[in-house]
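Just below is one structure, and these are the notes that go with it.
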Amino acid sequence: MLRLRGITKRFGSLTANDSISIEAVPGRIHCLLGENGAGKSTLMNILFGLLEPDEGEILLGDKALTLTNPKQAMAAGIGMVHQHFMLIPVFTVAENMVLGHEPGRAGMLDLASARALVRDLSARYKLDVDPDALVEDLPVGIQQRVEILKALAHDATYLIFDEPTAVLTPQEIDELMAVMRTLRDEGRAIIFITHKLREVREVADDITVIRRGKVVGQAAPETSEAELASMMVGRAVDLKVHKAPAQPGDDRLVVEDLVVASPTGAIAVDHLSLTVRGGEIVCIAGVQGNGQTELAEALLGTMRPLSGRVTLDGVDITHSKPVDTIKAGLGYVPEDRHRHGFVGEFSIAHNLVLNNLDEYSKFGALDLKKIRDNAQARIKEFDIRHGGSHDQEVRSLSGGNQQKVVLARELSRPLSLLIASQPTRGVDVGAIEFLHGRIVEERDRGTAVLIVSTELEEVESLADRIAVMYRGRIVGIVPPDTPRDVLGLMMAGVAYDEAVATTKGAPA
Amino acid sequence: MSQTTAARPRPEWVTTLITTVASLILAFLVSAVVMVVSDAEVAATWTYFFAQPGDALSASWDKISSTLYAMYVGSLGSWVAITNTTAEAAPLICAGLGVAVAFRAGLFNIGAQGQAMVGALSGAFVGFTVTGLPLAIHLPLVILVGLLAGAVWGAIVGVLKARTGAHEVIVTIMMNYIAANLLAFFMLQKAFQAPGRADPISPVLEWSATMPRIADTRLHLGFLLALLAAVLVWWLLDRTKFGIHLKAVGLNPHAAATAGASVSTVTILTMGLAGGLAGLAGVQVVTAPELLTGFPPQMTGTIIGTLGFDAITVALLGRSRPLGVVLAGLLFGALKASRRTMVTMADTPDKLTDLIQALIVLFVAAPAFVAWLLPFLRERKVKRASVPIAKVAEA
Amino acid sequence: AQPPSTTTQSPAASEATSSSASASATESSAAPTTDFTACMVSDAGGFDDKSFNETAYAGMMRAKDELGVQTKQIESNAEAEYAGNVQSMIDANCDIIVTVGFALANATEAAAKQNPEVDFAIVDYSSFEGVDNAKGLIFNTAQPAFMAGYLAAGMSQTGTVGTFGGAKYPTVTIFMDGFAQGISYYNEQKGGDVKLIGWDEAKQDGQFVGGNNPFGDIPGGKNTASTLIAQGADIILPVAGPAGLGALQAAQESGGKVNAIWVDTDGYVSAPEYGSTIITSVEKGMDVAVFEAIKASLEGSFSSDPYVGTLDNDGVSLAPFHDFEDKVSDELKAELEQIKADIISGTITITSPSQPK
Amino acid sequence: MSVDIVPTTVERARVESPESRTQRISTGVLITVIGVLLLWMAFTVDKSGQIALSDAFADVKLPTLDVPGTATVLLSALLVLGAGVGFITGRLSARLRFVAGVAAGAGVLVGFIVWAAASSSLPFTLTSQLNLTLEYATPLLFGVLSGVLAERAGVVNIAIEGMFLTAAFAASLTFSITHSFVAALFAAALAGVMMAGVLALFTLRYLVDHVIIGVVINLLASGLTGFIYQQLVAKNLAAYGTVQPMQAWRVPGLESIPFLGPILFTQKPLTYLGILAVPLVWFLLFRTTWGLRVRSVGEHPHAADTVGINVVWTKASAVLLGGLFAGLGGAYFTVGSVGAFQDNNPTAGNGFIALAAVIMGRWNPVLAALMALFFGFARALAQTTKLMQLPIPSDFIEMLPYLATIIAVAGLVGRVRAPAADGMHFVKSH
């Protein structure tokens, strides 16, 4: 049995872990719950030797462990799947698998046995991967598989899974649950972190809830989702989006036969056609990496389509540059906000006008007062929490507030089309409530709204219509009340009718 | 009460000021050590330090103090010396701005050297071939031509980078060599040579193409132009849409593109601007009058010296901020101005200034190192009120 | 920009110059007997260029040793420093200031006009019109180079000889012109067909080390010489300052198949490690000229008439053959004596656009 | 058990993306323009060109080839034009395009060399050309390895020049004192490692921007060597500044192979060392555990950290080994080729050219070494043809290597992908 006792970790003045005690018992799955930034990953990183605690101790049996390095953790039988991929994209699966514990004599790299190791492991856990594939060529689901195999490679007794399901399809999640159960039955201890309460209820043997770095309680697997959510956040949360039925108007965005290739030449969007009307929300559901990003970028103009036609309110914008599509009324919330959403080193005020500078200039010079006034207004309107001034760098804001800056910028000018990719990824529950409300408000103003999301919950609660995307094509457009199993199968490329038939045939 | 005041963290600018001053002092200290160790005569006195410590100490002190005094005389010791400093600083500031502007857009412009060469060559050419114009027209024309030539030279790099993705570091290095060869070629053409001479040396520039100066000093219009350029660059970077786009491209090109900035246009214009500023620096070199002669040095193949490379150091020390570049330019200008007196008054090789420059930049760039060397500079451990934001690579 | 000329430094001179090369203003330690100060400003090469700055410097050092004058000097690192450096020597109360190289002409002229009480001398530049306290020191090196060309043509086994310069300056190409004409003269006299590569006299273009540092680039000099050797040249005249040392290395590596003729000073003395490959040298007596100018200034006999070094006044000359004393035939030696006499008497005229007028 | 419906790898139709299309067409236009130029050059010559296969003083004289001028240049021009048009029309498969690229390169070379030979009364000396190539490339080979090693570990290395310079000085000084090549090389390597140590210390420990510290090291090297030279060496050249440069070493037996012998087997020991070091570094990087770790810290240091690799030391080891190579390369500028250190910038920007070769060679030691050779070849070509009195001013011929490099990076190499974490700071945190 592995026990953490009184672990405290501080980052400057922030106490990420405040005297936390939990334990991992072989043969049991222990779920850790907590909102964003609660300190779950920090605790796990301490357990894996990546961070050293300021106070507290780790006990294996009744022997105290000093973990200053992952090597020691691995030697003690601990394995970890990290929240963010810890794979090297340009290495092969086999190379990633053995990195740090390379087989071979006298410093030589023995790739043959690395490959054999991969094959062994994937046969043993029925997780199929090609040892010679480059990780960057693999879909995220398979990359996650590699991560899991990597954690299993040393035959660890104690396994940490830090949010492994965030990037998986429902089917893949089922598969992972099965693997976890197998591992538990083999007598391993698992610590499992997830934000999806459904999963918790499905596999957990024990549940611990953490809030602001402190353990706030234990729960039984039978506890209801609403109860768990309020334990996490510390107040009652309304998980439902309230919206009136859509009043769709004219076609605003019309995409016909669009083909987009990635810079490497792979067809990412494959003869896709889609129409979004004013006053409706169309959600594109799909597993990450099926062309959603390229579609959004092609609409914005940062990628050049190979063929096809895009019109916005009747105006051809197929080959328009971002500067023109933005002028034409396109609001764009990118998927990866750190990379595409804002300039971290710029102030909040500047980021709030970044794509609309002409509006805030006089005779070529910036109108500083207008920019400042705008910042103050938006900060108030969107409740952007900052450290004191609108001159603060955006990178010093928390993730949720960064996302609010991006949305505030896009929603503060008249739009004809709003494209938002993963608008609430990594945002806490309270903020999600608010942002969803704003998006619905934008719809009700007659704007065409296109949401790209991999979160089925979000898709279901926002969409007026759901377009399921698979390998660059729309597999089908379905109403928002379509069952999850059907959506899941469609996201794996199965056509609607067939998916309905399959789920009927084999009730879950 | 006093307890709370002590616990308040220093404002950032105070910390910056302290470390910068400490860096300067450290750089001079280390240079002094090198100076003593490598001077055979002085070093010899240290071999019998324990017998006669006075000798070693006084010899070392003489060496160091005479050098420092000579440096003071050369750079600040008189009105003329001060204007010598400003005259040396002017081209450094301009070229430094050229490097700095590119840095802000995420471009490493090693090409200020070549850009200054073409700027100097074309400016000088207009300066000695065109005759009969009044100063009010001729000099601006010379400046404009040199600036444009530099801009074109820089923009070529921008175009290649934007259109083909060619790495600007490679291209600017190569463009430097090409500029040097072009310069050598033109200096052998009759049209560029002083009348009656086959040497690669140009005629003296027309009086009307020379920077006006305050009589009997080296304070000339060029220095004001350099300051003006710094103000303009500041305005452009901080107060215009283009400036925002430029900085955005430097900090996060993806976000800039998403926000509607054209990364290629910004790249081309920035390299053009950078080249123009370096070209202006070249013009400064060939139009600034000498104290002795009253006219500028004649154009030759190597007139630019190492200006373009010094400019990189100036930009780095100035942290790519216009004000920083001006201050760094003045500091390095003063060091340059003191080289002559170092040699004539203190018998110290003028290469020492290179060493001092390198050490200054090193210490300024590594505050953590300075704090390690001088632990007493460190702030007393207090619980910070604000969480420091280290730049953490996103996984 | 650093004009022609080459290495040089006799062992004795090298003692004298040993402290020189430091870029420093050294007060003479050899007990000055007078408070007369002679000063020198280098061009961009610096006094440690093993080349003409250093030769000129050696002249000043000789004045220090033999006349007991005090000395000061300053190096220039770039063109933009010339005027300032000359000014700093005026500020240092010098009595005569020697500037080295044509590039300093304007600064020297202005300084001379503004400071009539100071004497000036400039190496490789003629006197200035209407300035009577500045003396030009120039050298008709085409004359000994003519002799060297004749000699090389007579000594070549392959019938091909080569030359190259540092950069295409008149002070460099004058050697090459003289050399080329010497070879033509040999072909004319003997009906020979000796070919010169590296310099085309008619086009006034040829082979130069080039680059940013043409006179200091030893690898460049060596590679340039290698290409000449690859083409069959067995005698090479490098006119490239220290870069010419590369040619000596290339010659040495050929194992006796290729030899060289040095310029500026007697290479056998200044670069003894390559003595076995040096047939002779085209000497340019800068040290003598500088010494004489300082002496005249000290003695009050200074005039602004240009000093022109010629075969006649021994300002330029062909150095002894040293190791090649036995290999040069007596006949050839006699012919060279005759040529020298003919040049002095004007029977042979050498034309070069770079010649001092 | 659920069905495995997710494919293991993404296999999708591949087409030409707009980016690669632009790249292909600009390459094609570039090649075509050069082809047209060659075509015109073909008609400026009216005699045959002579290509000498051995130097004038070689022990074994090989015949001089007599190549028809106009015809050969014309043929090369057509080859180049064909390749260019092939690129533009886009009819070529990827493999054919590679072949066409190589053919165009060969065409340009042959065309230019024959044109030069035919325009001149002198033969083109091939042996000397190739010898000079190695001469110029030797220090670059070492420099390139230094750059590749550091940058593969994620440390941007613009300090190669500074390492060269310090090592050149150290080698010269040490040889002057000890008269031993071994000691000189040892000192040079040590100097390189020390400069690399400064780079490693300040980038890894004090988190200084890699570019800044690189520039500082170059300046520091110039200041230190220059100052000590003026203070110490110049005052006693006999004791501190006399170096007998390294002589070529003939590989017994192999040196007498006609043509190849005088090129490949009559070189300085440092040249052999440089050539051998390339496969060695390749082997270290791609076939050893250490190499895998070095590449991992250059791509994703946090991932390496999570498997227990000591990121900082791994990076430091690569940078230091790079310093050792740069040190050997630096020695070439003094004891390796011309003798004593001169205070006139003896390394002449070669460190920067090595850096360019690293980028052009896509951070791969073998490709980068080939780029170093390419650069050496271009400089040698300028040197060889300068003598031939071509109808181009020699200053323009000297631009050849630099123009060729720009054409290569702009037209052929294009956008390159650096190691993902190159230039980033590693702070332990998750």
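Per-chain numbering from 1; labels A, B, C and D assigned in written order.
Note that in this section a contact is a pair of C-beta atoms (placed from the backbone, for glycine too) under 8 Å apart; a residue touches a chain by one contact, two chains touch by 3 or more.
None of the values given here were measured: they were computed from a predicted structure.
For the pairs C-D and A-B, the larger set of C-beta contacts lies at C-D. With every chain reduced to the mean of its CA atoms, the largest distance from chain A is reached by C. Chain centres here are Cα means. That of chain B falls 37 Å from that of chain C. Taking each chain's centre as the average of its CA atoms, chain A and chain B sit 47 Å apart.
One simple way to say how far apart two chains are is to compare their mean CA positions; for chain B and chain D this gives 30 Å.
Residue numbers of chain C whose C-beta contacts span two or more other chains: 22-24, 210-212.
Looking at chain B, residues 181, 184, 188, 349, 351, 391, 395 sit in touch with two or more other chains.
Residue positions of chain A with contacts to 2 or more other chains are 82, 85-86.
All chain pairs in contact, by the document's touch criterion: A-B, A-D, B-C, B-D, C-D. Of all residues in chain A, only 11-14, 82-86, 300, 302, 321-323, 326, 332, 334, 338-346, 350, 354-355, 357-358, 361, 364-366, 368, 387, 393, 395-396 touch chain B in the complex they form. Residues 41-42, 45, 48-51, 69-72, 74, 80, 82, 85-91, 95, 99-102, 104, 107-109, 126, 128-130, 133, 137-139, 141-142, 169, 171-172, 174-175, 178, 261-268, 270, 289, 304, 306, 471-472, 492-494 of chain A are the ones touching chain D in the complex. Here chain C touches chain D in the complex through residues 14, 18-19, 21-24, 45-46, 48-49, 158, 160, 197-198, 200, 203, 205-208, 210-213, 216-219, 222-224, 226-234, 242, 245-246, 249, 253-254, 257-258, 273, going by the rule given at the top. Interface of chain D with chain C (complex): residues 52, 55-57, 122-123, 125, 127-128, 131-132, 135-136, 230-231, 234-238, 244-245, 247-248, 333, 337-339, 342-345, 348, 380, 383-384, 386-387, 389, 393-395, 398.
Partner chain D is touched in their complex by these residues of chain B: 34, 38-40, 108, 110, 160, 163-167, 169-171, 173-178, 181-182, 184-185, 188, 312-313, 316, 349, 351-359, 361-362, 365-366, 368-369, 390-393, 395.
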